[in-house]
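Sharing a structure below in structure tokens format, with a few things to ask.
Each chain carries a letter (A, B, C and D) given by its place in the written order, and its residues are counted from 1.
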């Protein structure tokens, strides 16, 4: 609470210190697009955006496809939102290739748009805010290999085929494995970011592979599924995931999971929204904010334990410093 | 898949056919339908054990049974619904909502009992709501349960706000991931509910009435069968089974999300159809659904063991569903004397 | 409203249309819902009645309409096509792949229509020749199409769609967007076929009294196959709009859209029994779904509420129909 | 298509327009038609008689091309022809008026009349709606139908639908018309118009095959009579040379007494059923009647006069709007379930649609209404159910190899016995029979009536609906007559005659 007050004061100072124009513009409407309502990561992004909105005194409206990751539906939502002419848009494409025409429409309507999380291949953006999936895959895997002592069998649970996050994370994984000759990748199968699928794939893989020492899951939900499968079979393996969800943090604390790559959804939500507002208020922005890959593990757990709902955004300067 | 019936000449009667063929012909319809499925299941097992060394291992069999258990529990309720010529598209969404509610309550109160009752109760209430929409408002089951699916998803999403609830007490998790004598608890539940389901459908008068309602609702009504309350009953059972499945799901995954169970509806319906229950009602059995669930699970397990790309899974499932119903049509036609 | 009359104009005069709506409106829950929704959104949002927004809703509804039109015919034969969304998806990736490789639209469209034709033939044959219930047959082909879409692309999106394809969604002719032309012509064609040809009368008879049709010397199986083939071909045509719209081929792009189409048809007052169908109702049903989504987006209502609202729309529309049916 | 005229042939009118020689048709296990030969001449009405299952409908379906004959030849005006499908039949000018409606509910009257033969419009594939309406109007005017050609068939009543069916056949400019019990659903007024139409067609040289169970029609309309039994032709008669009794014994294969005389009830017992001022939205108004134990009470009236609706109201199948129904002194306010609990039984009009679950077994159908009585704990015992079913099969002499046989494969009479058996098993005391003998052969009819007689002798009460006035007159102790949804009057045993019932039941203009 005290933190928040400080921020408020800082904001007030900022606003007062700014031009009268900026003051008049307070209360801008920002439309935030995320991929689905089911992945906790995007909830973290939305909460970050909400927190930033509170700090900056703007109004955020969220648009999420009713069918998770539906391309036609996000397309329709963008068209609908363009009709409403919000002041700015913060945008995660449900598909990094397919949403080009939609971004084109936003551009044509001259609404400033900030790209968050998944880097869209097409379109003009004020800025990109995200984390490097490649780095996350790389760093998390390095951490895993170190914990394995540089040798052993690893199973990979991939995300949705063809999704940018999965491609890059697995690419990072592969590059990390190349540096460790003692490590053998015994299987790499898609679990489509789904807990149940990962669980069943893991169960099946355990049949054909009697020795599994490490599991690299492209997200935390699949990591949890793998842990359940291992528990069920009474087997042990070191499991890492990516996203740094509350669930993963708890599992790491309980010693069930080795580590999770922090995807920093909350911060992505904060910074992307801040970027949009700063653009509107004619303040300088960073064109490319890519947060470095942090691996959440037992040793640095404390700072991740507070629930996302109770967090609040750092100041712009603090946030940018993290990149 | 050549069965004796298929090769027998049309019109041959049981009396003058001989040997195995005669025996086959003499079997009553439902028994024959299940027998030919068991045969298919046996052949499938045989083929898989020849194709993969990993198939006939204890752990793999246990594994298959555990995966089939969840599918069967969900599909057994749907079987009753389809027996009345109905359909329940909302079971997946029901699982999601029941699981999320149970998870929330368990987290909030720490009471397993409360959570179990909440999960079952939520499933049951949703089922009753379906039943009322279909009987009182006379909506087609397809539409009523499809509308319900969306409503449930929406409420669940709103309620969960994209969060995951996870980490349940070990005593609860035992329902999904525990073992007894080396066999997973869900398998015991599957056997128990198979017994209960078969008993209910075949050995209670309500079961008999449900078959009659499916075969001819008007005749059943004019025989004094309370058709509407039987329909509400089957949807309620289907809902309650979804509630039960949600608990096992929850215990097995150790977490609840808004989209849990979304992908379960069509496989459950497919298991019922593969199991020989007719969409037109009045024909089929809970035991058949067990066989259907096993066939479906085995095929997917086999594809995993043989490292066939998961891209082919929907294709194979689709072909099996069509094939099963097609063969049923053939055997039933051959029987008309 | 200008754009909306365009789609019905070629078929019947506005006066006749209004008369027909008045006549049918007394029994149509969908029309009531549509009017109520429009009124609510007109009052509660500032942009709903903007011309641009109405065009927007109409354009967004076109793909669903292209599926819902043949779905109406299929449901009128007491059938169902669960494979339509998956076939549309497969046609989408095939069309995208061919378009990317040839750089043109004609071959790509032919390929998409070919996919639709093939699945339509399989569906129709399974249903009419082998006597498989439509739900089962098309559930099977749903799996086949869905799997093939994954196999063809190995899960990857297909991008680099030539502008000649994109034109079909973003282009306009005489000031009217291309998708509206396509959907309008499709609606007119379906209206003509259903109400003014022998084929149409036979569709009514396939669901209403198949025996009568056989006795009239009509080859019922052929017509049944034809109805499913039309379904497949329309999915192929819809793939053109979808590909143009998302400028890519995506192996999950339209999965599940068949349920939306079935819901729209049912909301529009077409019954699952006895060949009771109403094509205009399907148009109204599609628009009701489109208006609902658009209006809720304009109101900035959270997505979770939107999800439930669609379920409520479906149930309410049919409840009104059921209630009115009881009264009369 | 023109028929080549052979100048060498003798110019007698006795070359039949259609001749069938040695037609056989076999279905799995059943010889439906066995070497049947049949001649049809221009301008005649050829009556076709036979019990259900005698092969009439099969013959009819062979004629219209719905079934293909296994053996035999067809000659059209002496020329050999093939009828391989409906299209062939149409080309030969054969039209069939089916008993079961071949109408499409959500098409208009005009579209139904011209289904499959719609007049072509200017563009290929299009239908000329205006012309179709005009031509439909002409035919409907000939039949005296007051409907508009645009009316949707789903909104029509049964009799109107039958008229559309007739119009449909006539519109085909057919030279050969097959009529399958065309008057079964018609009012007297409509029947008269139909007969006038038939006379006109005769004068135009149209040949007609007329299937009927009504002896009066057989003798008033028929020029020649052919009788089928068990798929064989067993008799050919001229109306002037035969009598109803002879025809019936030809149909049945033995002598049958057509009067079902019984010992009438002398002292009715307790009040089993009482209706006081019952009205319902299904179309009955202010109906009051009483039935006592030991009595068979008739409920007569024209089709559509509200008889079935009364039965359904009593049984709770349709809700009532006003009035009071008592069954054995207790008010019936609920649905069929309560009616069953009060001891009532309904043997409905349509066995297949309302009486039986055809895909279920004989045994399952037999115990369906008595499940709560037989298994009060809720636990079902297949062996107990089978024992109960076997007992009923023996008692009612149901011809089936066992209770496991699917009920759908039984004959109409045996199916009806299963429906009755279902209620015997439920120990019902009040039986409501709605057309108990419809579609049942003459032999089985007598059996059904002796069953009904046995019921009342054991103290049951019976309310019986029938369109066959002779049945009412012969069987009932007294009868109510309905007219336009109301009870027009009650006739005691000695006042009952077909004329009296008709007088009460007729519409007075």
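Just so it is clear, a residue touches a chain if its C-beta (ideal position, glycine included) is under 8 Å from a C-beta of that chain, and two chains touch if they have at least 3 such contacts.
Just so it is clear, the structure is predicted and the values come from calculations on it, not from any experiment.
Q: Using direct touches as single steps, what is the fewest number of steps from subunit A over to subunit D?
A: Minimum step count, subunit A to subunit D: 2.
Q: Can you name the chain that lies farthest from subunit A, using the mean of each chain's Cα atoms as its centre?
A: Computed centres place D farthest from subunit A.
Q: How many angstrom between the C-alpha centroids of subunit C and subunit A?
A: 36
Q: With chain centres taken as the means of their Cα atoms, state the distance from subunit B to subunit D in Å.
A: Whole-Å distance between the two chain centres: 43.
Q: Note the residues in subunit C that touch 2 or more other chains, in rising order.
A: In subunit C, the residues touching two or more other chains are 150, 154-155, 302-304, 306-307, 310.
Q: Would you pick out the residues of subunit B that each touch at least 2 other chains?
A: 153-154, 157
Q: Multi-chain contacts only, two chains or more: what residues does subunit D have there?
A: none
Q: Mind giving me all the chain pairs that touch?
A: Here the touching pairs of chains are A-B, A-C, B-C, B-D, C-D.
Q: Along subunit A, where are the residues that touch subunit C in the complex?
A: For this pair, the touching residues of subunit A are 37, 61-67, 69, 71-72, 75-77, 79-81, 83-84, 95, 97-101, 121, 160-162, 190.
Q: For subunit C, which residues count as touching subunit D in their complex?
A: So the residues of subunit C in touch with subunit D come to 192, 196-199, 201-202, 204-205, 208-209, 211-218, 274-277.
Q: Where on subunit B does subunit A make contact in their complex?
A: 54, 57, 59-60, 63, 66-67, 153-154, 157, 160-164, 166-167, 177, 184, 249, 252-255, 257-260, 263, 301, 304-305, 310
Q: Which of the residues in subunit A come into contact with subunit B in the complex?
A: Where subunit A meets subunit B, its residues are 36-40, 42-43, 46, 66, 68, 189-190, 194-196, 199-201, 203-208, 221, 224-225, 228, 231-233, 245-247, 250, 254.
Q: Subunit D touches which residues of subunit B in the complex?
A: 10-11, 13, 28-29, 202-209, 211-212, 215-216, 218-226, 282-283, 336-337
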